[in-house]
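Below you'll find a set of structures to go through.
Two complexes are shown next, each including subunit A; its partner changes from subunit B in the first to subunit C in the second.
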Partner chain A sequence: MNTADLLPLAVAVPLLGAAVLAVTGRRLPRPGRDALATAWAAADVACLTLLWARTAPDGRAVSWLGGWSPRGGHSVGVVLVADRLGAGLALLAAVLVLAVVCYAWRYFDEPSGEHGGVFPALLLLFEAGMVGFALTGDLFDAFVFFELMGAVAYALTGYRIEDERPLQGALAFGLVNSAAAYLSLLGIGLLYARTGELGLAQIGAALDQHAAAGHGRDALVVVAFVLVLAGPLVKAATAPFHFWLPDAHAVAPSPVCMLLSGVMVELGVYGVARIHRVVFAGAGGLPDDAVRDTLLAAGVLTALVGAVMCWPQRHLKRMLAFSTVGHIGLFLIGAALLDPAGLAGSAVYVAGHAGAKAALFGLTGVLLDRYGSVDEHGLHGRARELRLTGLLFVIGALALAGLPPFGTGLGKAVAEEAAGHWGGWLPAVFVLVSALTGGAVLRAGLRVFGGLGARPAEDPEAAATTGEGEEPEIREPGRRPPVPMLLVPALLLAGCLAVGVLPGVGRALAAGAAAFTDRDGYLAQTLGGAPAPAGAAPEAWWTVPGVLLGLLSTLLAVGLATAAVRRAPGRDTSGLFRVTVLPLRRLHSGLLGDYIAWLTVGLAAMLAALTAQL
Partner chain B sequence: MSVFPYLVAGWILLAGLYGLVTSRNLVQAVGCLAVAQSSTYVLLLAVGYRSGATAPVFSDLPTDAPVVDPVVQALVLTDIVVGATVTALLLSLVIQLRKRHGTVDPEELTGLRG
Partner chain C sequence: MSRTARLRLFLAAAAVLAAALITAATELPGFGGHHHPYGERAVAAGLARQTANIISSVNFDQRAFDTLGEESILFGSVLGAAILLRLARDEGKRRAAAEPVLPTTRLFGATLLPVTLLVGGYLVAHGQLSPGGGFQGGVALATALHLAYVAADYRVLKRIRPLAALDVADALAAGTYAALGLIGLAQGAGYLANTLPLGTFNQMSSSGLVAVINAAVGVEVASGVVVLLAHFLDQAVEIVHNGENR
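Here is the complex of A and B:
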């Protein structure tokens, strides 16, 4: 089979699987449905593995759908383009979907009969949207895949419709993300008005020609840039667009959280990097310095907000969700450096983070399954009996804090080193965010699984979401955790370790990052020219400062967690806490109108910041 | 080409967003999202408009007749399909919320904050 044929196949396989499951699911018994879903998910993993292996490290696989290939640099067709990073992210999505399908084997009391097979069918549809978004080379297609991925994610978030909070979380998620998607579409309309093209490469080339013809940079390009990036930035939960994420993650079923945090949010960062690189990085786009400073500021803000909000949470899933916000900020910093080294760091970091975060959500699902609660205070010491689960949870927390040799540590080290070249203080952000998020999760693990320290006192002032009174997602309280619910998180953690230990992974992603930043190569190869060799791949391997900073953030995390559990209950909160954390917590009001207001304010601020730098 | 349709598109977008920010009823909020989305229809159709041209259906036209841009019309159709799906899904969530919780006022949903 031709390599180019694998691209549409990777999107078609899960779509077909979803249709088959939706039709046959009601007639099959439960094991048959699970086996069918697993087979489809595995087939797409195989397809994308083949695509990854066959894509040259510095090249791309290009597929013009329906044979509408370009004539003389012009085409009316729709194109799929895979380079190593795009194919790698699609592969990550497929692997996580397979893991989630296996994890959910015995998880749900899924309704049989009329609605049987709906959950795995939705998972496969979600996979199709994510893979399509990662592989598309067309801006309007990106919008459609974005909305497909979004609509399925809203449905999956509100899957347990008997409860009030999942519905609320799904509505906030849906309204904010879809509003942002329509803003993106407005931006796409503006770009089409200027260039008459919809493909990423074609728009980029046309903007460059427009600039070469002597037209200066004008307001349309800046406005279009901000509008088009609104969708991916909201999907990536960049502050101040991040409010929907903790709401959705706190209430979605645990297997869905594994996908949302593990790969969907990261696809937003990928979208930002891809669209900026191909469309706006040329002569007709925006100057690199202005974009770098704006995105770096957004990344640092996101990272700090996520880390500071992660620490005081007691609802475990909400805590993990804010830790995702913090790490997304770090990925955005890496991508915003606009050089191959930063991007390579982010790519490795995303791969490692997906394993660790999905494993942690999976283990939280075990708690929810057994105790019907994900509240750090209410579960204090109750899960002592779950030794293996607790051990895995603590390992996951340490991986999150960047402990070498986990993949998260390697990604952090590489991104840190790249960021250090642009601003000497940026590595401090990486260390601080890793320590705070890892420390919070470690503290929760020590309390819940170890029963360490005294039970924390209630703080009536804090407007907190507790984790009590959650509906258990299954209906057999007290059963032993099914084997897949422990095996899958263990394998995911092993994957996180493998990213940091196997030199091949980092090397391949670094070469992919060099190809990703090679804009001329992308344009030439997509529009039918010969690929030029990309620049040299950056180093993506452990260095002494990287290991030391990883150990430092882990030590800080352990120190913070120990200090928190040993703290006497009922002691007054410190003044610093009152000044910094409480106002920030009050901003997370849970009100939909506030979220949309922040969306418009954030976009206006971004537009002003970019305009001021031109 | 007049600048008027672009101003209209911008106005519709702002009206929709204003409604989303201030709405006290989730059915209305989903409606406001649909209003905000219709600004994309106006913008796209304005982009493809040519004065004096006709619909791009060549069955009864000479092939060199001036027609408006068919690409944006295809985009708008896709956009409508996407919008209908999302609106239907969100409205069904609102209905379920009304059934289970007895309210459609976002200010009364205080289960998630901090």
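Here is the complex of A and C:
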């Protein structure tokens, strides 16, 4: 089979699987449905592994759908383009879907009868959306798969209908993301009206021609840039567009959280980087400096908001959700540097983070399964019996803090070093965010699984989302955790370790990052032409400062966690807490109107920041 | 945030966005010009494939992959609605009541239902030739069934609505679209390539794969919309919280 044929096949396989499961699911018994879903998910992993292996490290696989290859640089068709980063992210999504399907074998209180098979069918549709978004080389096609991802994710988030909170979370998720998607469509319309093209490469080339013909940079390009990126930025939960994420992640079923936090949000960052690079990084786009400063500012803000909000959480899933916001900020910083090194760091970081974060959500699912609670305070010491679960949870927390040699640590080290070239203070953000988020999760782990420290006193004045009174996601609480619910998180953590230990992964992603930033190569290879070889791949391996900073953030995390555990109970409202956390927490009101207001404010600010720098 | 603070914040930011959008719009090409780069290419490509309705050629041939994604969104929405609107543990079903209907309304429904079905079928069948197609015709077909609800009551609609079959048809049609793409792949022409015999221009049997995909989409949309509405109507008419009177 041609390499080019693998790209559409990677989207078609899960779509077919979803249809098959929806048809046969109502007749098959539960094990049959699970086996079928696992087989389809595994088939797509195989397809994407083959694609990854066959994509040249410094090149791309290009597939013109329906055979509409371009003539004279123009085509009416849709193109899929895979470089190592796009194919890698699609592969990551497929692997996580497979992990989630296996995790949910014995776990999920899945409805049967006429709704049998609907949950795995939705998972496969979600996978098709993510893979399509990662592989497409067409702006409108990206919008379609972005919407597919969204529509399915909203339904999966609201899955537990017996409780009001999931429905509210899904509603906030759906409305904020849809609003942003409409803005993206508006931006696509502007670009289409100017260029008559929808493909990323074609729009980019047409904008360059427009500039070469002597037209100066005008408002249309700036406005289109902000509008088109609204969708991916909201999906990536960039501050101040991040409010939907903790609301949705806190209430979605744990297996769904593994996908949302592990790869869907990261696809937003990927979309920002890809669209900027191919469409807007040329002569007809925006100057690199203006884009870099704007996106860096958004990244730093997101990282800090996520970290500061993560620390005081006691609802474990909300804590993990804010930790995702913090890490997304770091990924965005890496991508915003607009150089191969920063992007390589982010790519490695995303791969490692997916393993660690999905494992942590999976282990939280074990707690929910057994105790019907994900409240750090209420569960104090209760999970001492789950030794293995606790051990894995602590390992996950340390990985989140950037402990070498985990993949998260390697990604952090590479991105940190790249960021240090642009601002000497940026590595401090990486260390702080890793320490706070890893420390918060570690603190929760020590309390819940170790029973360390005094039981935290209830403070009625500190309004916080507790994690009590959650619906267990199965019908038989108190059973032993099923094997897949521990095995899958353990394998995910092993994957996180492998990203940091196997030199091949970092090297491949670094070469992919060099190809990703090679805009001329992308345009030439997509539209027909001989691409010049991409620039040299950056180094993506451990350095002494990287290891030391990783150890530093881990030590800080351990220090913060033990200090918090040892502290006398009831002294939770220090001055610093009142100044930093409380006002920020008030902004997370849960009110949809507020979220939409912040969406408009964020876009207006981005527009103003870009205009001011032109 | 207080209500007024939120409103002020939103309006200030929205004003900035609106001003920017208006500025950008002034730089768009003028309305009604002669330069239509995409349109010219799309028409030429559609005519070359013996497709009279260029919109269908764009939807089901030139950008068929987009449409595959869109049709999957509908499929996913139907599945999602099935999950979200399923019977919760604390809910029960009651029988829909017979509603009094004016004889004239009943006559109106009985006359219009077959006519609308015919129109929907026509729109789907001629999608490759004239305005309309699977999406539009499918919605018309689904609307036709619901005339029974508008002109009579929910019990009549339930009687003429083969829900279980439509549920399967929806999934089958969605899978068929994805599977049809494999024909081109197997022939080495690329996924969703239009490799079927193209037929004669402006005849029913023209446009090759476009007509087939168009029909699959018609089935998917018609059954999908009926199933989707069924979930919502069930919620509104039949499903009650336990404890409420049945």
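Quick note on the criterion: the second predicted complex is superposed on the first by the 613 of 614 C-alpha atoms of A that agree within 3 Å, B and C clash if a C-alpha of one lies under 4 Å from a C-alpha of the other, contacts with A are read in each partner's own complex, and residues count from 1 in each chain.
Assume a residue touches a chain if its C-beta (ideal position, glycine included) is under 8 Å from a C-beta of that chain, and two chains touch if they have at least 3 such contacts.
As the structure is a prediction and not an experimental result, all values here were calculated from the model.
Engineer: Counting only touches as set out at the top, which of subunit B and subunit C does A:Gly169 meet: first, second, both, neither?
Structural biologist: Only subunit B is touched by A:Gly169; subunit C is not.
Engineer: Is A:Asp83 in contact with subunit B, with subunit C, with both, or with neither (first, second, both, neither)?
Structural biologist: A:Asp83: touches no partner chain.
Engineer: So in the superposed three-chain picture, is A:Val251 touching just subunit B, just subunit C, both, or none of them (first/second/both/neither)?
Structural biologist: In the superposition, A:Val251 contacts subunit B only.
Engineer: Mind telling me which of the two, subunit B or subunit C, contacts the most residues of subunit A?
Structural biologist: C
Engineer: After the superposition on A, what does A:Gly590 contact: first (subunit B), second (subunit C), both or neither?
Structural biologist: It touches subunit B, and subunit C stays clear.
Engineer: Of the partners subunit B and subunit C, which touch A:Ala18 in the superposed model: first, second, both, neither?
Structural biologist: second
Engineer: Should A:Asp218 be classified as contacting the first partner (subunit B), the second (subunit C), both, or neither?
Structural biologist: After superposition on chain A, A:Asp218 lies in contact with subunit C alone.
Engineer: May I ask you to decide whether A:Asp34 touches subunit B, subunit C, both, or neither, giving the answer as first, second, both or neither?
Structural biologist: In the superposition, A:Asp34 contacts neither subunit B nor subunit C.
Engineer: After superposition on the shared chain, which partner residues are touched by A:Tyr182: those of subunit B (first), subunit C (second), both, or neither?
Structural biologist: The answer is first: A:Tyr182 touches subunit B but not subunit C.
Engineer: According to the stated criteria, A:Tyr154 is in contact with first (subunit B), second (subunit C), both, or neither; which is it?
Structural biologist: A:Tyr154: touches subunit B and subunit C.
Engineer: Just which bits of subunit A does subunit B share with subunit C as contact spots?
Structural biologist: 76, 140, 144, 147, 151, 154-155, 158, 161-162, 167, 170, 186, 190, 192-193, 198, 589, 591, 593-594, 596-597, 600
Engineer: Which residues of subunit A touch subunit B in the complex?
Structural biologist: So the residues of subunit A in touch with subunit B come to 76, 140, 143-144, 147, 150-151, 154-155, 158, 161-165, 167-172, 174-175, 178-179, 182-183, 185-186, 189-190, 192-193, 198, 246-247, 250-251, 312-313, 462-465, 585-586, 588-594, 596-597, 600.
Engineer: Which positions of subunit C touch subunit A when the two form their complex?
Structural biologist: Those residues of subunit C that touch subunit A are 1, 6, 9-10, 12-14, 16-17, 20-21, 23-25, 27-29, 35-38, 41-42, 45, 58, 61-66, 68-70, 72-73, 75-77, 79-86, 88-90, 164, 167-168, 170-172, 174-176, 178-179, 181-182, 184-185, 188-194.
Engineer: How about subunit A: which of its residues touch subunit C in the complex?
Structural biologist: Counting only subunit A, the residues touching subunit C are 2, 4-5, 8-9, 11-12, 15-16, 18-20, 22-23, 63-68, 74-78, 111, 114-115, 118-119, 121-122, 125, 128-129, 132, 138, 140-141, 144-145, 147-148, 151-152, 154-156, 158-159, 161-162, 167, 170, 186, 190, 192-198, 218-220, 222-224, 226, 587, 589, 591, 593-594, 596-597, 600-601, 603-605, 607-608.
Engineer: Flag every residue of subunit B that touches subunit A in the complex, lowest number first.
Structural biologist: 9, 13, 17, 20-23, 26, 29-30, 33, 36-37, 39-40, 43-44, 47, 71-72, 75, 78-79, 82, 85-86, 89-90, 93-94, 96-97, 100-101, 106-107, 109-114
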